[in-house]
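Look for chain A in each of the two complexes below; its partner is chain B in the first and chain C in the second.
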Partner chain A sequence: MPLSQPELVNTLASLSLFADLSRPQVEQVAHRMSEESYPEGQRILRQGFTGSGFYVILEGEVAIRIDGEERARLGRGDFFGEMSILLGEPPVADVVTLRQLHVLHLGGPELEGFLREHPSVMFRMLRTIALRLRNASRWRS
Partner chain B sequence: MGMISSQEKAAALAAVPLFAGISDDSMAHLTEVAGEVEFPAGQFIVRQGQVGSGLYVIIHGLARVVRGSTEIASLGPGEFFGELSVIDQEPRMASVEAVRDTRLLAVASWDLLRLLESDPALAQNLIRELARRVRSAGEHHHH
Partner chain C sequence: MAELDARPCPPGDYPVVVVGSGPGGLQTSYYLRRLGIRHAVLSADPAPGGMFRRFPFFQRLLSWTKPYGPVDRRSRGYEWYDWNSLLADEPENRAIMPELMDGTSSFPSRPEMELNLATYARRTGLEVRFGCRWESTRREGDHFVLGTSDGEYRARACVFAVGVAEPWKPDTPGFENVPHYVETRAPETYAGKRLFIVGKQNSGFELASGLLPWAQRIVLVSPRQVKLSVNTHSLLGIRARYIQPVEDEVLGGGVFMLNGPIGRVERSADGVRVFCVRSEGGGELVVDADEAIAATGFTAPLRDLPALGVSVFGQSRLPSLTNYWESTNVPGIYFTGTIGQASGGMKKYGLPSNSGAVHGSRYNARIAVQHLARKHFGFAPEQPAVEPSSLVDYLLNEATAAPELWNQKSYLARAVSLDPTQGMRDEGIVPLADFVDMEGSPAVAITVETDDTGDIHPAVYVREAGRPAVETLLGSQALHDFRTVDNRARLASVLKGLTAGTAR
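Right after this comes the complex of A and B.
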C-alpha cells in the first residue's frame, strides 16, 4: 500500500542517501520519484538488458545475482540501477526481490539531472560507489 | 626542470578528462590551488596504508600503481589517482611509484571536496569514473 505523503517524507528523511537534505528538498524528492511495489520473486533489473531506472529501497530486500549466483543483498535505504545509467550500459546483474519490495523509482534519463540538482545526494552516492570500489579491489587482490 | 607557468598548469588540468565540462570558476580555482610536485624515478609518490591527503594528476612522466608486491596499473600524463582517499578518508589502497622522473599537480583533499560540493559537473565526472572502475574490477574478478 502506498504511504501517505508525510509518511513517505519521513521515511525518505531517515535514509542515509537523503540525510543531508532539508525538509523541503526531501519533499521535492518524494514528489519527483514514483513509489512502486513488487511481489516476491520478481526480476526488477535483468542482466544484459537495457531499459532501466534508479531505485531506492524503502522496505523489503533484493538479491543481486550474476549468472544466477547471488553476490549481495540490499535492503532498506540501499539503492540500485545507478551504475548502468551512469555508464550507459546494460545491467551486469539481475536484481530479484526476496520478499515484497517497496521502492522509489526514477527513470534512467532523469537521474543525472536529479543528482545535479541535489549535490549532497550525489556526494553520498559517490561515497557508496567509492566503498564498492574498495571492496571490489580487495576482493581482487 | 623549471616551474610551469599558470597557463601551462591550466592547460594541463583542462586536458584531464576528470575536469572536462567543469565551470570556468572551478577551473580557475583548481588552477590556483593545484600545487606542482616532482618525484625522481624510483621514489614513492603515495604509499599504501597511509591516509591520503589529496588527488594527483600526472603532467609528465610515468608512474606505476602497486598493491602489496603486485603492479596493478601504470599511469601516464592526464591520468590521476588518490581520489578515493579524498572521498572516504580511508587509508590508500595502493602505492604509486615514479617509474621515470614524474611531475604532477596535487590538489589537497579539502580543496577537492569543496570543488566537488560546488560543481556538480566535477562530481558527475568522478562518479562515472568510479562506476567504470567498479565494473572493470568486477569483470577482472570473473576471469
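Right after this comes the complex of A and C.
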C-alpha cells in the first residue's frame, strides 16, 4: 500500500539521515523529493552513465555492483548516488534492486542546494560516508 | 433498448479490453487495431476526450501545436511541433490539431483539444462503448474479468488508460471544507476576494493566473519552493504560460508565495483562517482569506486493482510499472495515457519523461501495444534491415529529427541490433532504460538528452554481447542539427568494432 502523506513524513522522520530536522522541514523534504517504485532486478544507478540522482531507500534492498561483482547491499534508511553527484562524475558502481524498491529521489543538480539548506542532513551524510570509508579501509587492510 | 444494443463492444470475451476514451485509450485502440488485435474499448464518459472534456479550467492547454513548423504537417517529423494530435500511420489522419486552431495562440483551447480527439476517433473509425463504467476486476484462470455497468468482459490482457484525474486532498484538519481545484467556479465569482490557494504546482498557478484579473489578493502556500520550467530545462516546474503571478509577487503586486506546511484550516466569520508553518524560520503564519482552493493534485482511479495485486506508490497512487508500462506484480495489466508516467525511466539529471502529457504518452501507447502483441499474442515485430554504410547517417538523422526522441528525451531511443548472423536490423523505438539494462545481441541506441546546463545533445548507448551498455555523449549544435562532421567521426569510431563483423 502507498504511504499517506503523514505516514511518509513519519517514515522520513524515523530515518537517521533526517533525524535532526523539524517537522515542517521533514514535510518540505517529503514534498521536494519524489517517490518512486522499481521492480526487482532493475538498475537504478548505472556505472559510467552521466546524470544520475540521489536516492533514499524507504523499503526494499539493493546490491552495489562494480563490474558485475557485488560489493555491498543497502536497505531501508540507506542512501546512494551522492558520491557521483558530489564529484561530478558518473557512478563507479551499478545499483540494482534485489526486490521491489520504494525510494525517494532527488535529481542530481538539486543535491547541493538541498544539502546547503539542510546542514544537519549534510552532517549526517558526511558521518555515514566517513563510516563507509573506515569500513572500506579496514576491509582492505 | 434497441439503441443500447447497437452500441459497439458488447460484453463478452475479447483478447484485450481497453478502459478509457481519453488520448491514452484512443491511441491504444488505434494501434491494437493496426495489428489486427480484436479488443473492446470501454468508457464511462458519453464521448471521447477524457480529462480534456473538463480541464484545464482556464480553457487553454500547456502543450504547443505550431501550425507552421519547418516540416510538412503530414510527416512524422511534424509531431515534434504538434504535441496534441494523436499518432496515425495514414497521413490523412495525422496532425488534426492544427486544422482546428484559430491562430490566436500556439496552445490550443480546451474545446479545440476536445474536438481534436473526437475528430481523430471519428476519422480513424475507432469504436468505443461509451456510458459503460468499469466497476470491478477479478482473475479467472489466465483471464481477467472486468465487471462493468453493462455486464462482464473477459480478456487475456487489459489496458487501463483512466488518467490521473481523481481529486486528492491531504487529510489536514479543516481541508474537508476547502474545495478542490475541480470545484473552482466561474472566475467572476471570485471578484474582489482574498484567495488562498493550497499548492504551488501548475494547477495552483493556472488558477492564480486565471484569477489575477478578479481576485483582490492571492496567497499560494505549499511546503516546497516554487520551480520554473525555464530553470529546470523541462516540463518540471511552473510553465511559462502561468508565470505572471510569479512576476506579480516579485513586484509586490498582491500575489504572495509562501513555503511551509499548512497545520489546519478553520472557518471564520468572513471566510477561512489558515494556519501555516513557515519552512524558513519555522514561525506560524495565520492568513485570513475569503476563499480557499486546494490545488493539491490528483490520484489514479485504479478501483480494485490494488486488491488484485497491482502495487501502487506515491500520493498519486500510481501503479508500479515495468519499462513497458505493465504492472510489475500482475502481468497482463498495462497502463497507457498519463498513468504511464509511473514508469520513470532513467530520469537523467532528475528530469522526468513527458509521459504525463499527450506528446509523450502517445508513443508509449504505441510501444506498449507492440510489446503486448509480442508477449501475449506471439506477434513478431517488423525489423527492417539497415544498410551498414548508412548507419551513422541514419542514427544522426534520428537524433536530429525523430519526434519520439525529442518528445521523450533520455526515455525513448532508436535502436539498431548488430547481430553478426542476422545483419543490422532496425529494432524501432524502445524504452531506453530497457535497452541499457537488457542483455542481448550487440546493438546501438541513440537518444536526445538535456543535461544540467540545459545543453541538448544526442547520446549513444552501445551494447556488446554479455556486457552492459556503454554511454557516449555526442556534441550539441547551435540549431540542433546534430549531423556535424565531429559527430559523424565520433559515432563512426564508437561503432567501428561493433559493425566490423556485421553483414547484411
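What we mean here is this: the second predicted complex is superposed on the first by the 139 of 141 C-alpha atoms of A that agree within 3 Å, B and C clash if a C-alpha of one lies under 4 Å from a C-alpha of the other, contacts with A are read in each partner's own complex, and residues count from 1 in each chain.
Rule of thumb we're sticking to: a contact is a pair of C-beta atoms (placed from the backbone, for glycine too) under 8 Å apart; a residue touches a chain by one contact, two chains touch by 3 or more.
In this text the structure is predicted, and so the values were computed from the model without any measurement.
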{"item": "Side-by-side fit of chain B and chain C on chain A, or clash", "value": "fit"}
{"item": "Cα-centre angle that chain B and chain C span when viewed from chain A, reported as a multiple of 10 degrees", "value": "140"}
{"item": "Chain B versus chain C as contact partner of A:His105, first or second or both or neither", "value": "second"}
{"item": "Partner chain(s) touched by A:Leu87 [first = chain B, second = chain C, both, neither]", "value": "first"}
{"item": "First, second, both or neither for A:Phe49, with chain B first and chain C second", "value": "second"}
{"item": "Most chain A residues touched (candidates chain B, chain C)", "value": "C"}
{"item": "Contacts of A:His31 with chain B and chain C, given as first, second, both or neither", "value": "second"}
{"item": "Touching partner for A:Arg134 - first (chain B), second (chain C), both, neither", "value": "first"}
{"item": "Which superposed partner A:Pro119 touches (first chain B, second chain C, both, neither)", "value": "first"}
{"item": "Shortest span in Å between Cα atoms of chain B and of chain C, once chain A is used as the common reference", "value": "15"}
{"item": "Chain A positions touched by chain B in one structure and by chain C in the second", "value": "none"}
{"item": "In the complex, chain B residues that touch chain A", "value": "67-68, 70, 72, 84, 87-88, 90, 93, 116-117, 120-121, 123-124, 126-128, 130-135, 137-138, 140-142"}
{"item": "Residues of chain A that touch chain B when the two form their complex", "value": "66, 82-83, 86-87, 89, 92, 112, 115-116, 119, 122-123, 125-127, 129-134, 136-141"}
{"item": "Residue ranges of chain A touching chain C (in the complex, touch as defined)", "value": "1-2, 4-6, 22-25, 27-28, 30-32, 34-40, 42-43, 46-53, 68, 90, 94, 100, 102, 105-110"}
{"item": "Chain A-facing residues of chain C, complex", "value": "170-171, 222-225, 259-261, 277-279, 282, 306, 311-315, 317-318, 320, 322, 328-329, 342, 344, 346-351, 410, 433, 436-437, 449, 451-452, 468, 470-471, 473"}
